[in-house]
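Letters A, B, C and D mark the chains as written, and numbering starts fresh at 1 in each.
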Amino acid sequence: LFIYERPVAFHDVDAARIVFFPTILVYCHEAIAALFAGAPGGYAAVVLERGLGLPTVHIEVDFKAPLRFGDVTRIELDVARIGESSCTFVLRIGKTGEDGQVARVRLTCVCTNLSAFCSVPWPEDLRRILEPHRPTPSGLD
Amino acid sequence: LFIYERPVAFHDVDAARIVFFPTILVYCHEAIAALFAGAPGGYAAVVLERGLGLPTVHIEVDFKAPLRFGDVTRIELDVARIGESSCTFVLRIGKTGEDGQVARVRLTCVCTNLSAFCSVPWPEDLRRILEPHRPTPSGLD
Amino acid sequence: LFIYERPVAFHDVDAARIVFFPTILVYCHEAIAALFAGAPGGYAAVVLERGLGLPTVHIEVDFKAPLRFGDVTRIELDVARIGESSCTFVLRIGKTGEDGQVARVRLTCVCTNLSAFCSVPWPEDLRRILEPHRPTPSGLD
Amino acid sequence: LFIYERPVAFHDVDAARIVFFPTILVYCHEAIAALFAGAPGGYAAVVLERGLGLPTVHIEVDFKAPLRFGDVTRIELDVARIGESSCTFVLRIGKTGEDGQVARVRLTCVCTNLSAFCSVPWPEDLRRILEPHRPTPSGLD
């Protein structure tokens, strides 16, 4: 389990006064980038020096309650599956200090050579970042 | 079938030089807002004067190919299902003047009273905007 | 005089229910990109094929009235000055169909080789796009 | 002197591979919001419960060097002037762990009743947040 918290920013809400739904996926991407901050040189070195990226190929999201300005978003991230060159994250989004879910996200990304834009097997160091976040046996679908 | 086209903006790409995946959902929201531009007073009047919104409750996206700066996004929107207070859009995203899909999005939203934040039945005028965009029988899953 | 119009998007407002002030500069950038859409291959070809960009080096903005969701932004752009490798735009921002100014922007950018990140003289074709938009003698400071 | 640091996000760059210039003003707004986080209930309570906002009325920015993905933005904020209902911030933007300036921003905002959208005198608690950040006599501009 990896936990990422961030407050809703002043400009993240829309004309309905709730966080604009694609922005919740921006928060999820931030959580994943924070997970990979532990790679050598940080996530930026993965992208800029090694030329690797993690394009998203599939997402499923259930939105259950709105986020508003003033809330602190709390994301619990599990790595549900690690394949040869892909992985699936499950992200449960709530609010710090409150019960109840805001959203549940299932996101699959693929380790990609950004020059050729083709999938590549996970490098060992990135795989080692993912593995501790597999859920415990009693866990997750 | 409703068609919405918009060029990729200069700042819509990310450090991997492709359109940041949540931004593709921003384009989908623009397409839906363009559909409701035909409501009396436009979509802004729906939100600001009638206090109605269309929060998204579920999305599923398959991303098939990247979008880049210089591409013109072309979205084909169908209304797959209209319920008492919800509807499901299917949006096929491609590039103007090119074959091949960029993404396929299934998005369900709920007509919502934004003050009480509870679902309400579709008003007749909004339902009449949705109905012509039901797919033909040979169409869609 | 070059005119660019675009509606305020649903997600361009902030928690104060007005367009977030940096977003007004996004609209200005869109207006400048629309001006250069007339270059061969469009603005994207200038950036991606010729490796040129127009980084902003100076801005001054007076914000006079808020923009809200439902407004259509109308930008009047003049080219106040063309230098060897720079130019200064003056952008007067209002609302379509209404009197009164929303903001006045003075923005200087520099034609830049993006690989070396150094200034280069304006290519003739880009200079020819700027020149018709010099204000008339009775015009502008 | 108030210091705010934040990494450049993956999606903050544009097709020229540098941070899109309006986004640097988003970072400045974040720094100002972080300053007011010390108000009772945080900045969100100022906006949502007391109905006060700080719309920007004037900005001047000199951009001196680009920010890129992988940089950590470091903002030094001074309160150059406190008026009856306005204040002027000077923000010097650089990179953590590096010399040299990225940008220098002068930003004036006005304490505003968001319902009436008219200026109001600074409440005492907000003024007390600003005052410690006046520059020392040897300081600024």
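Heads up, the rule we're going with is that contacts are C-beta pairs under 8 Å (C-beta built on N, C-alpha and C of every residue); 3 or more make two chains touch, one makes a residue touch a chain.
In this text the structure is predicted, and so the values were computed from the model without any measurement.
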item: Contact-richer chain pair (by C-beta pairs counted) among C-D and B-D; value: C-D
item: Self-contact between copies subunit A and subunit B, residue sets same or different by half; value: same
item: Inter-centroid spacing, subunit D versus subunit B (mean Cα positions, whole Å); value: 35
item: Subunit C and subunit D, separation of their C-alpha mean positions in angstrom; value: 23
item: Multi-chain contact residues (two or more partners), subunit A; value: 10-11, 15-17, 20, 23, 26, 29, 44, 47-48, 69
item: Parts of subunit B lying in touch with subunit D, wherever the complex brings them together; value: 10-11, 13-17, 20, 22-23, 69
item: Partner subunit A, residues of subunit B touching it in the complex; value: 15-18, 20-23, 25-26, 29, 44, 47-48, 53, 55-64, 66, 114, 117
item: Complex contacts: residues of subunit B adjacent to subunit C; value: 9-11, 26, 29-30, 33, 42-45, 47-48, 69-70
